[in-house]
Amino acid sequence: METLEQIQARLTAEFPAARLERVANESAAGQPSLVVDHAHGQAIARWLRDDPALRLDYCSNVTGVDWLPLETSTKTRVKKVVDGVEKEVEETVKSVRPGYLEAVYHLYSMSLRHGPVILRLRTADRAVGAPVPSLTPVWRGAEFQEREIYDLFGIVFEGHPDLRRLLMWEGYQDHPMRKDYAEPDDYEYEPTPHDEVLEKAGKHAAAEVRP
Amino acid sequence: MIADLLNGIGLLLWRVVSDQPDAKGALLPVLPAVLQPVVSAVLSVAPIIGVFASLFALTTLLERKGLGRIQNRLGPNRVGPFGILQPAADGLKMLTKEDIIPRSADKVVHFLAPVCLAVPTLLAFAVLPYGRNLVPLDLDAGLLFFFAVGASTELSIFMAGWSSRNKYSLLGAMRAIAQMISYEIPLIVSSVTVVMMTGTLSPMHIVEHQAGFIWGFIPHWYVLTPWGFAGFVIFTIASLAESNRSPFDLPEAESELIAGHLTEYSGFKYALFFLAEYLGMFAISGLGVTLFLGGWHAPLPGLEWIPSFVWFFGKLVSMVFLFIWIRGTVPRLRVDQLLNLAWKFLLPLALINLVVAAVWHFTAVWTFPGALVVRWLLGAALIGGPYVLLGSALSGAKKNTLRVYRYAT
Amino acid sequence: MATDSPYLLITVFLVAAAGFALAPLAMAFAWARLFSPQKSGPEKNAVYECGLQSRGDAWVRFRSEYYLYGIIFLIFDVETIFLLPFAVAFTGLPVGAFLAMIVFLLLLVEGLVWAWRKGILTWA
Amino acid sequence: MLGEGIIKGMAETARNFLGSYHDAARLTTVEFPEDKIPAKESARNFPFLVHDGEDAMQGLRCVACQICEKECPPKCIFIIKDTNKKPDYVGKLQFQPKVFDIDVSVCMSCQICVEVCPFDAIKMDTDFELGGSDRFGGLLLNKRRLAKPNSYYHTIHPTEAAEVDGRLAAEKAKVEAKAKADAEAKAKAAAAAAAAKAAAQTTPPVVASTPAAVVTPAK
Amino acid sequence: MEIPFAILTALTLVSALAAMSLRNLVHCALCLALTLAGLAALYLQLGAQFAGFAQILVYVGAVAILVVFAILLTNRGDQAAATRAPARSWVTGAGIAVAVFAVLARVILTSSLATGHPMVDRGSPTVKDLGMQLMTQYVLPLEVIGLLLTAATLGAVIIALPEKKTPAAAAPNH
Amino acid sequence: MSESELLSAPAPTAMNYEIRPKPAGTSDAEVGGELLEVAMGPHHPSTHGVFRMDVVLDGEQVVKLKPVFGYLHRNHEKIAENTTYLASMPYTDRLDYLCSMTNNWAYALSVERLTGLIPPERAEYIRVITAELTRLVNHTCLIGFLLQDMGALGTPLMYAFRQRELILDLFESLSGSRMMCNYMRFGGCRADLPAGWLEQAAQVVGGYGQFLDEFQALISENEILVARSQGVGVLPAELAINSSITGPMLRASGVNFDLRKADRYGIYDRFPFRVPLGDHGDVYDRYMIRLLEMRESVKILEQALREIPAGPIIDPKAKIRGFRPKAGEAYGRIECPKGELGFYLISDGSPNPYRYRVRPPSLINLTVLEDMCLGQTVADAVIILGSVDIVLGEVDR
Amino acid sequence: MDEGLRNELSKQGVFTTKLTDLYNWGRKNSVWPLQFGLACCAIEMIAASMARYDLARFGAEVFRPSPRQADLMIVAGTVTKKMAPQVVRLYNQMPEPKYVIAMGACAISGGPFKQGYNVLKGVDRFIPVDIHIPGCPPRPEALIHAFMLLQQKIAAQTFTGAGRPRFLDPAGPSEFPVPEFGAHDLVPPNNPAIWRAPKVQRAES
């Protein structure tokens, strides 16, 4: 199979307006991925599916990821004039990468037996209801998985034929797979609580009179 | 007086056991004349209800144990010795269980349905000959009586399903009616062959016609003739369906309709359905025994000393065991296949069987040596051909075949 | 053996069977009255539907594929009514009478075959 | 397709029916309360705490390191350290648990506590008849209910227990040998210090270090 | 003889009335079945065994079912019977009733019962007698009945056949 | 459609939620009846757990079917993200609770992809053996349940479970637990085979062929089974591929795709097994493909039990505690008995995975449930669902 | 039946004509479970009714698919919040007398999944549980053991008086409130009428 760089090059040739970004992967698996912009998401997906060299007819895995805003601090040595003397000083630069939600698609080819090509669709921010284009019209296998992402992360897939909650009940308001989701406090009493459970139980217990 | 009474009872029992005629005659004269007809009727009715109710209890246990054995396990064996009290415990529990009637149900019909099912089912037992001299009611049109009361159970299943006002129940009830009406025709037509041969609708006379042995050892049962065998097979299949037994248990198809028409029944009403279903199975098996298996006749010449009712019940239990065995083996049909089987296979076959029976009858004039074998083969060919043709048409219409699979390496 | 009217026996049987069916129901009712109080409730007496609250009514205008079967059944049921007396008399009848019956049956079978060909006996 | 398949199937069920009367493979029922399927050697159900010697509380191998508590996936172990130390099998002073609770109504029998325990103190029991009507009283096992003697460990997991005992004995021997050498080397110098230490200690050393009599495994 | 007759008649009449007047159509059908069964019992009481049982087999076992099917097919289960029938059908109904009554009356009046001729008591006829008569004397009517039944099958099916059974709609769905 | 035809066929151009088969007789105006809305599940004998199908019926015919999930959604992914890598291993047992060994393997494989641990050869053999035994357990139980759905009262299921117990005995003596094995570790396996295990396994495997013969005799040629399942619930190959169907269900539709061949993960390239393929994609094919796959599994097992080498069972670099993969992500997948089971892990360098995702084959295989059921009867819907082979622990996670 | 029954009872040394014993005997020997599996434990529950363990020996293989005919609800597996209303409703729809066995860690307390947002922390928050079986999943033998415990419990129940079970008490509730789906959790999260958090202090052993 072509490498992701080659695919990206061909994609850029095919869709000059598309913004594509390659995401490296440091792990031993070394599977890099490609961030695709919303406007071309479906078109690129369709192209990937139908391109005779790729034939990525099989969308294996679709999932969401919640990326919290990330505060990174980098130390740089800068030259500064301190007390009139130019010195090299270490300085910490804090940068905050804004949070976003992401839908990740693992694509394979059943007919050519290669893969994966990993696509990522990112929302602009972590707001509930932030949209990305749905790829269900391209691969029907994404139908339930996108619904699940909508349910658990709150990403809205535009163009999904039947976007309802999949796992939680209708009327449920939270998106529990988000990193900042707070569970309902329903540990009234647990015999062997742990850390936060213990804390919760303690709060409940405080209300009751203990012998 | 009391001594006479006891004497009469003793004589009655003795006459029953020893196959003597007029068993009731032993007791009745002892009683005042006013009571005689009623007591006579009670003496016929009470044992039937008693015997079959206990047979029901026994059969549920045997079925559970038998299915257990088929499935490599023991089955109920803890309640009482060998689990023999299991039905008693079940019955006791059912009696004391709360009875829930759904709020939206049609309460009167809901209540009447099990009763309306149980009563005709029990009535069917009136005309079966249980032994040489044990026929509660020898009606000239006995067979017709049997079919008539059998036909009137169909509505009660509909009543059960419809009145529950439950979706599964309604589906189950519709299935039940369709199934029972469809299989009633093959059931009757397959019995008609026997009527043709015996020239009577009285079950007692039908059994009497099957007395004796061919060549001294082969019993003269109709199941051993080509038309009788075919008729018996059709009859058995149809009676499985009439009694809603697997593979025709669609009305209460557990995996599809929860419990079908029984879904909303609890407590003893449910038990009553259960009871009626088993009684229906006994009745129809009893009819099968009467029509095709020689009724109360012994299977071998030397065995006539055993009381005739033993043979009858032995054959009945064997039929019931066959039903259980089938239940332990086969999956369930789908409703369209069920109807196809009835209308496109069993009914034509049963009609053709009438012709086979007629041929058997008209060729009885043949007297050349080996005529019996020739007639037998002729009959077998006449019914076997259509069987193969209709059978292939039935499965071939949908191109149902065993398949060969290919492999990728 | 029953020289008296057969209907007496049937009547007694009918009564006994009804008693047999009703007696345990009465016992169960008495038990519930005396010891184990019936407890109904809105949820308990609601229609069962797989643990959910039932939506819609079960009593709908039911599309019954079975209706056509019902019609054909009726015809054949009537046919059996004629078949039975014929069968009883069969042994005393000449071949001609049998052929007459065959003609009668064939007429009905023709109806069946027609229905079959017409697809009436094909589900849905 | 004319009924042979059904007849074949019925022959098969008949074979099983008849076979159930003479063939053990066709009557596989083990009548539970009377007959029991022997527990496999590696079988696991809920954890227990191994103790050496007679006194369960004194002989617990657990040193309240709380690793199992931390690693337990469903978080069903709860430990409070006792500030009093007691000597372990090699005579080294170790913490002991003041509270050691396992909530078996939560435990998922995964054995990770056993895997992570560096002291061979927690092992898996094979007892499963723990059902009862008391959820909180009956299923929250405290230290006393959890403690079971090493001999019990040997009866349920003979091979593993023998291996553990061997390892512990070897370790102990090593430590003892080292201690002996140390003692010989520093005999004189250490004598005074040891005496002072012994005097300072509030609790007298308990001989809890000898492992229970080693039961030789069956195989 | 009198008391059973009275009971059966009462049962039949009451259930017939109920069949006409109950609000729920399925209840009506069930009552109709009871009426038919009561009629069968009356036949039996008159010694017509075959007719009585045949009545149960055909009417309770088949006709009642067909009626139930028809009701379910056309009505919701809990719907009350249709509102008052239009006046025209009342007229037709009354006309038919009168006609039927007239036929019955004529039959009864010309029967031996009314004409005072003594009944020939040949014992209750057995099914065998029926069969012999049917296959010898009444063979032609039998064949006509066969024809009639076939025609009835065709007619009923054609009427009941839903119009959707066009070839296009009946095409397989895969 | 043959394989070559399929592979040379042009890719479907527009997929097409819309090209669902139109139900026959959807009858708007016809004399027919009103539609009956029936919920099948969550408490229903044939939904294999707490699955629910909202079915709209016209008489007996299904005109609409919507699956409803979540009744067993027990937050596996969330829990896994809050706990260490190792602690998730026993939770994977409870995903597809019939096949804990393959779940373990899929997870271990993904973590190995993430970290570069390499299981030693003996561990790979043990993995193949346990995975194929799991496949036997799963397929055996599935056909038992399928026949139960078809109304065979218990007998096939009993025989299936009789055979399952033999394999569970093996699992128990290997891992300590019958169902929840929690046996594999990152870079190998937890415990070595106990003494005599291989012989016992060889005996069980040796008897499996006979069991399959008996099962075949019991039911495979049964006219009722054939009539019930042939031509029912047909799934065309194109739709199957586009809907990401995997496992026996895909192969029953004639697509030659088996991860054991396609990915050659573990040491599957050493086993010359064959992949049975169906031509009709109906319930009968799905049933038979599973039976045939079991025979192939028996062959793999016989070879593996013969060839298994001695040696260590875990990568010496593997750590039980304090396991922190470096930041990155990995997706690992294996052919579990139900299809492609994948684990997608994102590590941020901490002891807990940042994102932990299970690709559940049973859930995705249900995508086409409605397409297969439309126009069929209720009874068909039940067996079509049965033939999909779902386990709710995995569907809802 | 009476004769054999008496034999059976006398064999057990309980010769008695007391109604209570007969009643309890009938109940305890005919416990039909509801065919109701939730998760992993359901497989072991099925296994318990299969050939090797054969729950049928106790007459309990009659798994009824409809709650109307069932006596025993074996809550076998994780009860999620989405499923909890259905469980309670099914329990309500069973006729008295009825029993509940909470099989496995999840049913008792939420078990390993109790940290999950959609998992009910013990089915006894909504319905009264007779027997708890710990284990994940409990072995089939453990279920049979619990079943026998249930039988003992039934056998010990009195017919009148203060100790009588809830269903024999005319004042006892006929059904339990079904929780509803809220925006974040079930409403109410437990049924205070039957579930009291016990004030058990951790045993300082």
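Chains here go by letter, A, B, C, D, E, F and G, matching the order in which they are written, and residues are numbered from 1 within each.
As a convention for this text, a contact is a pair of C-beta atoms (placed from the backbone, for glycine too) under 8 Å apart; a residue touches a chain by one contact, two chains touch by 3 or more.
Keep in mind it's a predicted model, so treat the numbers as computed, not measured.
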Both-way neighbours, i.e. chains that touch chain C and touch chain B: E, F, G
Contact pairs, highest-scoring chain pair: B-C
Identity of the chain that, by mean CA position, is farthest from chain E: D
Rounded Å distance, chain E centre to chain F centre (Cα mean): 58
Inter-centroid spacing, chain G versus chain D (mean Cα positions, whole Å): 31
Gap in Å, rounded to a whole number, between the CA centres of chain G and chain A: 43
Centroid distance [mean C-alpha coordinates] between chain E and chain B, Å: 29
Of all residues in chain E, the ones touching two or more other chains: 50, 54, 57, 61-62, 65, 69, 72-73, 76-77, 126-128, 170
Residues of chain G touching at least two other chains: 50-52, 54, 57, 65-66, 68, 82, 86, 90, 93, 96-97, 109, 112-115, 117-118, 136, 139, 167, 198, 200, 202
Two or more partner chains touched - positions in chain D: 1-3, 6, 9, 12-13, 16, 28-29, 31, 73, 75, 78, 101, 103, 105-106, 108-110, 136, 140
Complex contacts: residues of chain B adjacent to chain E: 106, 109, 139-141, 144-145, 147-152, 154-155, 158-159, 162, 165, 174, 177, 181, 184, 199-201
In the complex, chain C residues that touch chain F: 49-52, 55-56, 58, 60-65, 124
Partner chain B, residues of chain C touching it in the complex: 1-2, 4, 6, 8-14, 16-18, 20-22, 24-25, 27-29, 31-32, 35-36, 38-40, 42, 44-50, 54, 57-59, 62, 64, 66, 69-70, 72-73, 76-77, 80, 83-84, 87-92, 95, 98, 102, 105, 109, 112, 116, 121-124
Partner chain D, residues of chain B touching it in the complex: 66, 69-74, 325-326, 328-330, 387-388, 391-392, 395-396, 400-402
Residue numbers on chain G that touch chain B, as the complex places them: 1, 4-5, 7-8, 22-23, 25-27, 29-30, 50-52, 54, 56-59, 61, 64-66, 68-69, 71, 93, 95-97, 167
